[in-house]
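There's a structure below that I have some questions on.
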Amino acid sequence: MYNILLGGAAGQGVDTTGTILEKLLKQAGYQIFSMKDVMSRVRGGHNFTLIRFGPEKIDSHSYKLDGIVAFNEETIEVHKKQLKPGGFILCDASFAAEGKNITKIAMNEMAKTIGNPKVVGSIAIGAILKSFGETLEHIETVYKHAVKSEYLDQNLQAVKQGFDSVKKHHEHKDGAYAKWMLLTGNQAISLGAIAAGLKFYSAYPMSPSTSIMEYLAGKMTEAGIVVEQAEDEIAAINMAIGASFAGAKAMTGTSGGGFSLMVEALGLSGIAEIPIVVANIQRPGPATGLPTRTEQSDLNFMISASQGEFPRMVIAVKNHEDAFYQTIRAFNMAEKYQIPVMLLSDQYLADSSAVVEPFDFAKIKVYQAPEPIFEGEYLRYKLTKDGISPRLIPGTKRGFVAADSDEHDEAGKIIECAEMRIKQVDKRFLKLKKLAMEIQEPEFIGSDTYDTLLIGWGSTYGPIKEAVQYLNNTSGKKFAALLFGDVYPLPTKLLAEKVKAAKNIVNVEQNATGQLARLIRETTSITCTASILKYDGRQISGEEIIAAVLKEVAK
Amino acid sequence: MYNILLGGAAGQGVDTTGTILEKLLKQAGYQIFSMKDVMSRVRGGHNFTLIRFGPEKIDSHSYKLDGIVAFNEETIEVHKKQLKPGGFILCDASFAAEGKNITKIAMNEMAKTIGNPKVVGSIAIGAILKSFGETLEHIETVYKHAVKSEYLDQNLQAVKQGFDSVKKHHEHKDGAYAKWMLLTGNQAISLGAIAAGLKFYSAYPMSPSTSIMEYLAGKMTEAGIVVEQAEDEIAAINMAIGASFAGAKAMTGTSGGGFSLMVEALGLSGIAEIPIVVANIQRPGPATGLPTRTEQSDLNFMISASQGEFPRMVIAVKNHEDAFYQTIRAFNMAEKYQIPVMLLSDQYLADSSAVVEPFDFAKIKVYQAPEPIFEGEYLRYKLTKDGISPRLIPGTKRGFVAADSDEHDEAGKIIECAEMRIKQVDKRFLKLKKLAMEIQEPEFIGSDTYDTLLIGWGSTYGPIKEAVQYLNNTSGKKFAALLFGDVYPLPTKLLAEKVKAAKNIVNVEQNATGQLARLIRETTSITCTASILKYDGRQISGEEIIAAVLKEVAK
Amino acid sequence: MSDTSKEFCMYETAWCPGCGNFGIIKCLKQALEELNKDPHEVLLMAGIGQAAKTPQYLKTNSFSGLHGRSLPAAIAAKIANNNLTIVVNTGEGDSYGEGGNHFIHNIRRNVDISHFVHDNQVYGLTKGQASPTSSEGFVTGVQTEGSMNTPFNPLMMAIAAGAGFVARSFSGDPVQLVELMKKAILYKGYALVDILQPCVTFNKINTFAYYKKRVYHLDESYDPHDKMAAIQKALEFGDKIPTGIIYQEQKQTFYDKNKVLSTAIPLCEQKLDPSLLEKYSQEFI
Amino acid sequence: MSDTSKEFCMYETAWCPGCGNFGIIKCLKQALEELNKDPHEVLLMAGIGQAAKTPQYLKTNSFSGLHGRSLPAAIAAKIANNNLTIVVNTGEGDSYGEGGNHFIHNIRRNVDISHFVHDNQVYGLTKGQASPTSSEGFVTGVQTEGSMNTPFNPLMMAIAAGAGFVARSFSGDPVQLVELMKKAILYKGYALVDILQPCVTFNKINTFAYYKKRVYHLDESYDPHDKMAAIQKALEFGDKIPTGIIYQEQKQTFYDKNKVLSTAIPLCEQKLDPSLLEKYSQEFI
C-alpha cells in the first residue's frame, strides 16, 4: 500500500490533479482512499490531497507518506517530516529544497513549452505513474472525461513528458478493482437518494454539503428530479416538507450552520408526520468555525434539535458504501414511519474518494407505503395500533388530507383538549416501538477476547478498523471495537453484551466533549473509561488512534 | 387557604376580573397564587383563572375548588366536579344550572342597569369579597390603576352592588402580605433584567414570552432601554449580540419555536464570546403545538442547541422570586464568562401571579467586568489562565476589538491552524472550570430520612414542595426532593449524596420523555427508578403529584 | 368512498364576531365554487396566525405549517403536483414579517400559486403588536410610543421583486374580492392579493369604516400593464386607497422554464427509469 | 497604549488576484481616511462570504458575524453606541439572499449605518452558485440549465422598502466609488451602495470588461430626489447600467424618533436611575 501527497496553494490545481491521478490508479486495478485538506479560500494558502492506493482493501487515510508531489515550496516544508524512510519528493526544478530523496523535474518550463502552464499537474501525474510501475494505458479514457477537449492533447503530451522524465521506483502490483466504483461520500449519498426515488431536493449552498446538490443538479432533467436552490435553509427544509406532503420524495442537505436554521421545521415534520430526509455534512463549529474541515460535533444537537418532543431517527454514515445504502434506508424509514430521518456525515467522508464494489441495484428495496384502507371520512392522524396513520396524498378523490403544526385531532384540526393531546403524543412515540425492531446494531470488529473495547461512530469507522487490526497484530494485547451507524435511537443490545468483557472502554470521537459517550451513558448508564478526542478539524488516522490507545492502555 | 375559579369564554373578561380580584385579596393581606388557563383564540372557547389565597405561604396552584365564578354555563359543566364539599358556584340569574351550592345573581341585568355590560366581572368581585368576609376598603385604589377613569364609577358601583347581593360565608383571616409584591413570572424576569442593567431588548412576539417585551416597552423611555420588535427571531438574537458587542447589556426572549430560529446565533455568542441572555418561556411543542399552554420540554434542546461545541449555561427558574434573582444572575454570569446564558421558564410561571417579599435592591450585585489591562496590541481572544479574555468595548481609544464567528487567533483573525484551533477550543471550555464553582446545587426539601427522593426542575418547584410536605405529614412514609434551578452545567454534588439513601428516585417533569432524568444519567450514571410525567399542556398540581407518588411507591 | 360535492363546507371558526376574516373566507369559498373547483384538488395552505386558520375552516385539503413559512411549502407542493390548485391564505405578519425573505424570493420563482394576504395591519393572534404594514404612530403594548418604522408597502415590494399579478382588495367589498380571487387563481404564475381586513379587537385605527371611507376601485381606464403607472398606484396609501388589479404582466412560470416539469405527469407520479442507475454507476467506474 | 494614527492599515488578504474586492477595499480605506475617521471609532461589520472578509483586512474594529445576519447586528451596535461609525461590507448573497428579510426590514428602521454590497452576481466563497442578482440563464454547477429566477433588483427593492440613500457603483471606478462611500457614510440614515464587483474565478459573464462597457455616470441633470425618475433608473440594468446616487431623500432616523436615544450619552454608557427600581416595585404592591 502506498500513500502520496499532492500539495500546493489554492488555485494551483492540487484538487484536479488528485482527482485524475486517483482515477488512473483505480484503472490500474488499485484500491484507493484519497482525502482532501482544503483551506476556506479560493486562492493561495496551502491545500493538499492524500492518495493511498494498493492492491488490498483500504479503509482510510494515513499521514505517513511514501511520496510528496510539491507544487509549491511550502508543501515540502510542511510535510517532509511525514515522509517514511525511502519516500520521495517530486518538485519543480526551480525549487530551493535539496536532498537525496528529492526528484526535480522542470515541470513549469515543460508546461510553458507545451503552451499551457496549467498542465504542470499532468506532468506530475506522468512522473508518478512511471515511478510506481504503471503504464499510460488509461490516460486517454480518463482525460477525455476530465478536461475540455481543446486541452486534451496538451495534457496527454504533458503526462507523457512527465512519464519520460523519471525512473521507475516500484513494480506494478495486481489489484482487482479496475471495475469497481471510485466515488466520494457525497456522491454516494446523492446516488443513494436517486435510487431511493428522490423527486425534490432543495438546499442552500454550504460547504461541505454543496456537492450533493451539484451532483443531483447534473442529473436533474434526465432523472426527473427538481433541484432547487433555496433563498435560505429555512426555505430549503420547508420546501422539502411541502413537496413531501404533496407526494414527492424530498430531501435537503446542509452543514451544521444551515441545520441550525432548519431546526424549527424538523418539528413540523415531526408533528405533522411528513416524511423528510435531512443530510447534515458536519464541519467544525461553533458558528462558521472551520468551514472546509471536518468534525463530528453535531450529534447531541441533532438528536434533540427543535422544541418539544417527537420521534426521529439519526443515522451516521460510516464509509462510502454505507453512505449509499443508508441513504436509501433513510428514505425508507422516513416514508414508513412518517418521521424526519437525519443522515450525519462529515467533510472527511464528503470529499474523500474510495473504491467500492458496484452497487447492486437489483437488491435495493424501496419502501412503498400501502394504499390507505378506510371507510367514511379519511383521518390523517388516525390513532392506530402501531402509531402509523395510513397516509393519503392530497389530490386523489378519496378524501381530504390535512397537515397541522398545532396539536390536532385525528382529522387534523387544531385542538386544545388534554385527552387528545396525550393520545397524539403517545401515538407519535408509539412508532418508535416498531422502529426499534429495525434499528441496526453497531458493527463489532476485532478479537473475540479483548481487554479494550473501542467505541466509535460514523466516519471514524475506517481509521478505527485499521487501528484495531494493527494493534491485534502487533501489540500483543487484544482489542475490539463497536462501530455505530444508527445512533438515534441508540441500539444497546450488542453494547450491553460487549462491554461486559471489557476492562477499558475507550470512545474515539472527532469532537471535544465525547458526544457518543454521553449519549451512551444517557441511554444505558455505561461509562467510557477513557476518550480519544480530536477537534482540530483534521480527521484522526489509524496511526493516531494506535498511538493514543497504547498511551491510554499503558497508563 | 381558599381556591376559587373564574371561568368563561375568551373576550368575557375572565382575565381582567381575576387580575383585579387577586390584587384586592392581596391588599387584604393574603398570599396569592393564581394561574391562567387560556385557549389560543381571542374570542370564544373556554378560559379560566384559578386564584388560591390565604394567610399562609402558597407555593402553587390547585385544581380543588372552594368556589366557582361562572361567566358562562360551560364553566359550571366543566368544573363542578372539582368543587370541594361545601364549595359554591356563583353565576348569572339567567343560567339553567340548579343546586343548593349555586348562588345566582342577576349580574347581567345589573350591569345593563349600570349602563355597561362589561362590569359583570366587577359585580362578581363584589360578591366574592363579601363571601370571604372582606371589606370594600381597597377597591378605589386598585380600580384606579386597573380601569380607565371614565369607567371607574361604573365599576365601583358594580362592585358594591355585587357585594350587597350575597351573604358572608367565611370570616376574614389576617395575613401579613399586604405590603408584599404581587406579580407574574414574566414581570419578575423583566424587573430582574432592568435591575441587572439591561439596555437593549429585542424580540419577536410569541406567546407566552410577549409580556416580557410588553413590560419593558412600558418602561423604556423612563428606564433608558431600547426595546425593539424584530422582523423575526433571527434578527432578534443577532441584534442582541450586536448591541452587546458594542457594550449595551442585551437580552432576547421567546418561546421554543422562536428559540429554534436563534440556534445558529447562540453559537455566534459562543465562539465570538459575546455575552447574551436568552429567555425561553416554554410551551408545548413540537412546532406550533399548544401555543397558550405549558410544558418543560426544551431542556435537552437548549443544552445542545447549535452546531459545534461551546460553553453555555442554562438556568431554570423555580418560582416568581427566583425568576427575579436568577435573571440578574444570568446577566452576571453572561458578562463574567462572556457566554450565552439561557433562562428557562414556562407558560405556567409566565402568566401566573404570586406574592413575594419585596426585592431588596440594595443587596443585588451587578457584575462589573474589570477594565482590561494590557500592553501593546489588544488581543480580544487572549489565551489566559482561566480562559476569560479581558474584554474591551469597541470605540475606546485603547485598542481594536474584533468579533469573529470563524475560528480565530488571539487577535480575532480567521485561522486554519490546528494548534490555535485546539487552544481556542480549550480556552473557551476552560471557563467552565471557574464557572463550576459558582453553580448552585438544587434545593433539598423534606425529611432528612427518606425512602423516596423526588427530583424536579424549574416550575414544578411549588407543586413538588406542596406534595412533599403533604406526604410527610399524612402518608406515614418519608419523602424528600431535590429541586434543580441550575440545570446546565448540572450540579451533581448534592445529587450524588442524596441518592445514596433513596430506595426510589422519581423524576417529576412536565414532559413526555423525562428530560432531566436523561441529563442526570448522562452526567452521573444515576438512573431514576420511576417517573411522573405530564404532557397535556396543563401544569401538574401538588395533589396530582401526591396521587402519582402514592401509586408509584405502592406498586 | 368519494365525495363528489363541489361545495367547500365551512366549519365553525374561532374568530371574533365582526372580524374581517369572515368576509374573506366567504369570498374564498365562493370564488372556488364559481371556478367549479373540485375540493379534492384544492390545497389551502397557511403559516400561523388568525388569518392562517383559514385552511382549517373549509372542507378541502389543508396545510397549516410554521409561522412565516407558508410560501416555500406552497410552491414546493405545487411543483410536486401541478394538478393541485394551491391557495395560501395567511396574515401580513406571516407573509411580510417572519416570512419576508420567502415573499421576495418566491416572487422571483413565479410558481403558479395564489397568495391571499389578510392584511389587518396588526399581529392578531399574539394580541396586538405592530405588523410590517402598521402605520407610523400605531400604538400597541410593545410600540408604546407608536410604531416608528416606515410601513411595508406590499404592492411596491411585489412589483419591485418582479411579480406578474399584484392586486389589492378589501374584506368589505365581496363583489370585487371574489372577482380578484378568481382572476388570481386563474392567473398563470404567482398572484398576490393584499386584502385589507379590519381586526375589531386589536386595530382600533384601521377599522371597517376607515377602509370603507378610503378604498376606491381603479376604473376602466386604468391599465394594469403599465408598470410606472402601477408603481404610482402602489405608492398611493392614505386618504385614498386604490383597489383592484394594480399590476399585471404575463411572465414565464417556473413550470414553463423547468425542463423536469415539461411532461404532463406531475412530479410526484414520475417514475425513475431504472437503467439510469446503472448508467450513473458506470460513470464512477 | 493608544495608537493615534489615522491610517487604516491593510492586512494580507485571501482573495484571488484580479478580484474586484481589492478595488473596493482600497476605496473604503481611502474614503474613511479622507473623512478623517479615527480607526478606533470605526466598526466594520459583515456576514460570511468572500466580500465579508473585508472587515478582517483593515486595522480597525471588526465584527464578522453569521452568513446573512450582518444588518441586525450592525443596527443594534449603532443603537448601542452612536459614536461608532458603522460600515457593513458584505456580499449580495449575504445581503439579499440569506439576509433578505433583514434587508427589507432594516431599511424601514433607518438606522444611521452604511451598507456596501460587493455585488459579484455569484456566490464566491461557496464556489460559484447563482446569487439573487445572477442574471437569467447564468449557468453554474447547481443552475446547470441556467438560473431561472427573475434577478433581484437591489435598487428597486431598497426604494420600495423606503430607503433614503440608494446608490450604485463599480469596483473599477475608484473615483466615483470613494465619493459615493463618503456620501453614504455622511448620510444620516441607512445608506445602500450596491457595488458591481467582478469575480474573476466564478463569474465569467459579468466580468470587468462587461461592467466597464455598460456602466455610465448619472449626469448633473439627474435629480436623485425624484422618486419616479429614480425608479426608472433603478429598473435600468442591461446594455446600460447607471451608476451614482440613484435615489436620495432625507428621512427621520431611528435616532430622531426613539426617545431613549434623545440624550447625548450613548446607550451603552447610560446608567439606570436606581430609584426607578423602587418605583417599579411599588407598582406591584
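Note that the chains take the letters A, B, C and D in the order they are written out, and that residue 1 is the start of every chain.
By our rule, a contact is a pair of C-beta atoms (placed from the backbone, for glycine too) under 8 Å apart; a residue touches a chain by one contact, two chains touch by 3 or more.
Being a predicted model, the structure only gives us computed values, none of them experimental.
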item	value
Farthest chain (mean CA position) relative to chain C	A
Pair exhibiting more inter-chain C-beta contacts, A-D or A-C	A-C
Centroid distance [mean C-alpha coordinates] between chain D and chain A, Å	37
Gap in Å, rounded to a whole number, between the CA centres of chain D and chain C	31
Inter-chain centre distance, chain A versus chain C - centres from mean C-alpha coordinates, in Å	41
Chain A and chain B, separation of their C-alpha mean positions in angstrom	43
Residues within chain C bordering two or more other chains	48, 64, 66, 97-98, 100-101, 104-105, 132, 145, 258-259
For chain B, residues contacting two or more additional chains	39-40, 45, 220-221, 231-232, 234, 257, 264, 268, 272, 287-288, 291, 405-406, 414
For the chain C and chain D complex, residues of the former touching the latter	97-98, 100-101, 104-105, 107-110, 132, 145, 148-153, 156-157, 159-162, 227-228, 231-232, 235, 251, 254, 257-259
Chain A-touching residues of chain B, taken from the complex the two chains share	39-40, 45, 234, 255-257, 259-261, 263-264, 267-268, 270-272, 282, 284-291, 293, 295, 297-298, 300-301, 303-310, 405-407, 414, 416, 418-419, 421-422, 425, 429, 511-513, 518-519, 521-522, 525, 527, 535-538
Footprint of chain A on chain C - complex, ascending	1-4, 11, 38-41, 43, 45, 48, 53, 56, 59-66, 69, 72-81, 83-84, 101-102, 104-106, 258-261, 267-270, 272-274, 276-278, 280-281, 284-285
In the complex, chain B residues that touch chain C	11, 39-45, 204-207, 210, 213-214, 217-218, 220-221, 227, 229, 231-232, 257, 287-288, 291
Contacting residues of chain A [partner chain C, same complex]	179-183, 187, 191, 194-195, 197, 199-200, 202, 219-226, 228, 230-232, 234-236, 238-248, 250, 264-265, 268, 272, 358-359, 361, 375-376, 393-406, 412-414
